[in-house]
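Before any comments, here is the structure.
As written, the chain order gives the labels A, B, C, D and E, with residue 1 at the start of each chain.
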């Protein structure tokens, strides 16, 4: 059944120009679309093919190409298949359209991507910060943000060997485990 | 009955045997009745319900969970503290009533644990507040938690668990670390310096350049005292 | 008229006894909970440890004078109420007040607590107090019906006389035997007045973060713990005095009190809490109906 | 940073007031907050506030080796960590084209279903505690501990088992373990009537839970609700059956549904799923002795393992709903991008906000716990 | 002609009216009037033996109109009510002097009218209380109604509307009374009390029924009894501060006085008891008792819903009237004593409560319970007065309200009336709920930022409030003082007298000794304080924003005060009943009464207050003469 439906899907998708379809498995379809064609694609998928569940919106930062890749994963409860629609947008200024009108879950994902990558979604109901409300650095998930350097600058974590740990080690406890026990825990006899 | 308040936790005077017995009794009671704050700061909190409930039953040691920081004695930092949480943890810690004890559960509180690279979590808990006891592990088993709590009980009984005094005595150090992380105009509603004076716990490290910085920014929240108001200006209407 | 010295000793002893017995009742309650929940439960002196520890806290956070006075009123109201509650060998000033006065004195702690919590300026506390007063409206109506019935049957509001009437003919003249319907209504009302599940609407940690207790620290919370001891004692002893013939000896008095208290406490740990309006509906329906039927038998 | 404002001129003229639910609040699951505006006791506005558990997992995973991340992923959802490992391992295997041995797949199913039982028992306890019935919590958590004991023996870890590696599982079963699994299952099954009497059939609880936090099927679909919460609105959808992974297509189980979409239905669906999980586990216990073979496929040196470039989207049914991993590799030793889509990222934010408005203050906690929202999944 | 003490009293009262009328525009008029009230009170004290069983004192002045002798006299009953009237007038007037007066003038109030209306009210009430026959009673009654109208209407706007409503009701009541008087005249041939007393025992049942209904309705309207209670709360609440304290304390009790005089004293409660309603088990006395009980419950629960402090108190004023009537109707020694004692107690705490609320309005400019909060730190003495007042109002020990309510309960218990008893208790519990809302929303909780600079009420307002608070407490501690007066009132109207002591009542079936109860209560507080202050450490005060909020930081610009829909849980159950039964009742009674009096209302709608005064005088004289 699902085979038939997805072939029908292939026909359907041909209606959109510039789309590239790759069938990865019986239940996974990858579609590469131009950025401006995505809303039309999603509308089509939702309205005519039953892809009513937006599973996730993922963002990938291709810093070398100076592009963001946005991936919309939509699932159909009828044909039991998942279409991942990939688009690429320019890293600067990093603005794209919201699909909240079509899929309400997009509200959360767009908000999340906004604070993690700094992409602004036009028309999204809530672009306030959610997780990083008290963070004033750059969007942390961008590739140029070096987490380790940030930590080295702001926080102390190295060379932590407090007296109580030394005592514990002196007593024979703590982190020192004989090498033969390091790989697997005790065997049952 | 003489006032308990007047008797410090660790007393050097051996004069009045009755007072010594009484003092001992109070310390004993403190060690046998511990209220844990019900605040799941991190993933280690998942091992607290087993420790509380039927299998390990914390209540047989006189330990029970409490809801608000005012009621609690122990602040369990169960794992990593993200910076956003750390602010709340410090607020909560300052709202708790002394003597208060902090237990750092899980490795993350010791040195950041497996999140050592993370931009979002604080690494060394004892830079921001005095910690009485660490229970290392990822995550420590309920038995370990209970063993740690028993160790704390012993320390309370013997009078060693007085790190809360350290927060007042070395406030400048803790505040400095907090300011480094949260920015220069960081403040909480609690006025620690006045409180330190209240307990007579002003130490050499209480005041310093960080507290000076605080005083520049702070709008101290003084308690609304009851007054007849004759020294005030005309009411605004 | 007894000698004044003797009276003063009684007045001091009665709250003291109430406090000690109340602590044991708290212990019993926690032990019953532990048994139902398949665990061991707290040690014997745990209530004492808690109270001493709370009073010995270094920080006592106050939101103002009324916060202090509220706790004093809460404790003091119960201390006063204990002297109106006769125990074997001691009647205190029970004859000077009677049961209506006792009932009203038992509202003083609620009012005190309400004032104290009010000044904390915590919305959780205010909601808790609003709910506690609503609960009082719910359970006091059946309670006064029951008390009306008992007092009318005994022909007096004097608790000493009510107990004497019941003790006159042994087991058969007990209130519970003479007025079984009223006794059942009274038990339900008593359960609700303890504020345990399913009637625990005003503590409700998951909803309003322990409501009235939310800003209580140190001796303030300690005062509430003391108040709880008194509350358990007062409620169960009042029930024993009204329906189970009081006590002739300390042994049977305490036995009855603990047994009576064990009933609601055992039920409590098997139920979640009601919503406020469900509590009201329940209390205004069943115990009130039973109480009125019981009163009709008495009249 | 001065966190908040301590000076103001006037108060707003509105009669509404604000109440903070959490992060330090027993009515909230984990370290999470809900800021509600109330009129009387009715919520007029609810605003979820997350990020208290944010550790930057997705960033951390980009900085670590493929194999190292196995230790990191279970920490994303604390009450139900096993699906996280499996989902990640499956994703890496798909990227590499690794064929996982049959025995390893069956072992993974066992791990997943044990974890599901543990998570559901925990949820019942939490849900009961929000309504004030602590006995269920005490029992549920204690019985969950028996499963944690099994985990400890089985994988070496009580909570975080870190049992999977790409290509298979880490350890063979201990001797007589299946016997002990059966015994534990028997015990839990024998306890179910007690739970029913204490909790699921308790009239006071039923009164509280029925009609609380209602959502219709249309709303659930529009809001992106998944898992037991979706099944409680009457739609029989389960990733295990409809988008099968591992060996779930060889197992016989049913998908329980309920019609009303309220807290009561959601709890009941979990209760019925518990039975189904036990049924699956019995099949696994019966089948495992006959399935011989290795427990993991050979993989290259994990410290110098370049996974082929590509991207993959894997889905697993966790106890809370649909859990997905989007993994992108650029052919290097570390993942280029991992996106974790936890089921709670829907339930705890938008759905909770929408369902809270118009409900009453006593139902907020119950709504959250009946949705079984897991904040660390949201915050990552 | 020699002046009797009664004449002196009435003379002084008349002089007060004149002084207020002539000098009322000057600023010290308030103080002068206050002093004159004091003199009147002294004159009343000259008749103090009345309060302890002395002989009645008549006025030297008598008229003869159409063969009827108009005479005035004072007995224990009149003296008791006059004491309350003058006491509350004195304190209210004192309260009005000073800052309140200045503020009142600045905000455009007519101070002359206020003083004049107050003095006129007092004078007319004294005339009413002194009435020696039914005709003089009626004249007094009309005077009181119109004087009250003047005071209520003076604030203008909403107040005028409320007052119009009041006068509509009052005129309807006056007609009923007039009809009753006519009926009495027909059967007894005279309007003298002695003649009626003898005639009453021979009246037929139908006749008696008629009289009970006419007089009951007429006086009940003034008292705000159940179906006729709707005018009272808005009318009293809108009266300017001290005026509402005075009206709330005593005005509607004139209805009770008349009921006592006519129904209890003249017709006799035994006669009323014999009036059976056919086919039911209740008689007229039960009917009155049930009216009393509904008067307790419905207004009390309406009060709980109010969001304006003055409205809340005014509704309670109606509800508390029910206790008085209930006690009187039970009519055994304890019940009657309780009812009568409650008149005194109610006057004290109601005046104190209105004054405290007025002080809050004076300082903050609002009585809206949703716009206040946390004022205890800024107005602690006012808080204390309000606290004492609400404990009295709720009827909890150690304040005086407890004693009178205890007596009422006790009598219901003795008589075996469980339903009435339970209903009375429901009223008390409702009162506790609603007064906690009052004190919480004004004084407790979060202090609004705009009220940070608020000061305590000025001493000119504070002292009368403190005096009242002291009276509330002392009469709670030593209820024997007012019980002595009450006992002589009971003797005067022919009711049994309880066995009272200084500290309470003695009875074989359970007695009350407030000295012991309060002693023990305060000893308990003392021990509690001892434990609290000495066993625990020193407290540390914290700011309100240093508060538990689930670990959040609180901010000053957000409202955290839970005030609106305070008993939301309760309202989920009974909220629908309000919309259902309460409103239905209100609407139906209102439409009935207002339809009947539509024409009358239309007559007075466009005139001003002075015109009313003039026309009232003319109207009354014309009515009496014709």
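The rule is short, and it goes like this: contacts are C-beta pairs under 8 Å (C-beta built on N, C-alpha and C of every residue); 3 or more make two chains touch, one makes a residue touch a chain.
Everything quoted here is computed from the prediction, not taken from an experiment.
Chains making contact with chain D as well as with chain E: B, C.
Identification of common neighbours of chain B and chain C yields D, E.
More C-beta pairs touch across one of A-B and C-D than the other; that pair is C-D. A comparison of C-alpha centroids places C closest to the centre of the full protein.
Chain B and chain D have centres, each the mean of its CA atoms, that are 32 Å apart.
Chain A and chain D have centres, each the mean of its CA atoms, that are 19 Å apart. With centres set at the average Cα position, the gap from chain A to chain C is 58 Å.
Per-chain Cα centroids separate chain C from chain E by 35 Å.
Multi-chain contact residues, meaning those touching two or more other chains, occur in chain E at positions 374, 376-377, 380, 447, 450, 535-538, 540-542, 544-545, 548-554, 560-562, 566, 568-569.
Taken residue by residue, chain D touches two or more other chains at 1, 3, 6-7, 17-19, 23-26, 38, 41, 51, 54, 56, 59-60, 63, 138-139, 142, 379, whereas all remaining positions touch fewer.
Among the residues of chain B, those touching two or more other chains are numbered 4-5, 38-39, 53-55, 67-70, 84, 87-88, 92, 95, 117-120, 188-189, 195, 221, 223-224, 226.
Under the touch rule stated earlier, the contacting chain pairs are A-B, A-D, B-C, B-D, B-E, C-D, C-E, D-E. By the touch rule above, chain D contacts chain B in their complex via residues 1-3, 6-7, 23-26, 30-31, 51-56, 59-60, 63, 71-72, 75, 78-79, 122, 125, 137-139, 141-142, 144-145, 148, 158-160, 376, 379.
Those residues of chain B whose C-beta lies close enough to touch chain C in the complex are 4-5, 9, 25-26, 28-30, 32-33, 38, 53-55, 57, 59-60, 62, 67-68, 70-71, 73, 95-100, 195, 199, 223-224, 226. Interface residues of chain A facing chain B in the complex, by the touch rule stated above, are 132-135, 137, 140, 145, 147-148, 150-151, 154-157, 160, 164. On the chain D side of its complex with chain A, the touching residues are 1, 3, 48-51, 54, 56, 58-60, 63, 156, 171, 174-175, 221-224, 226, 235, 237, 242-243, 311, 313, 315, 322, 324, 326, 328, 336-337, 339, 341, 345-346, 349-350, 378-379.
On the chain D side of its complex with chain E, the touching residues are 3-25, 28, 33, 35, 38-42.
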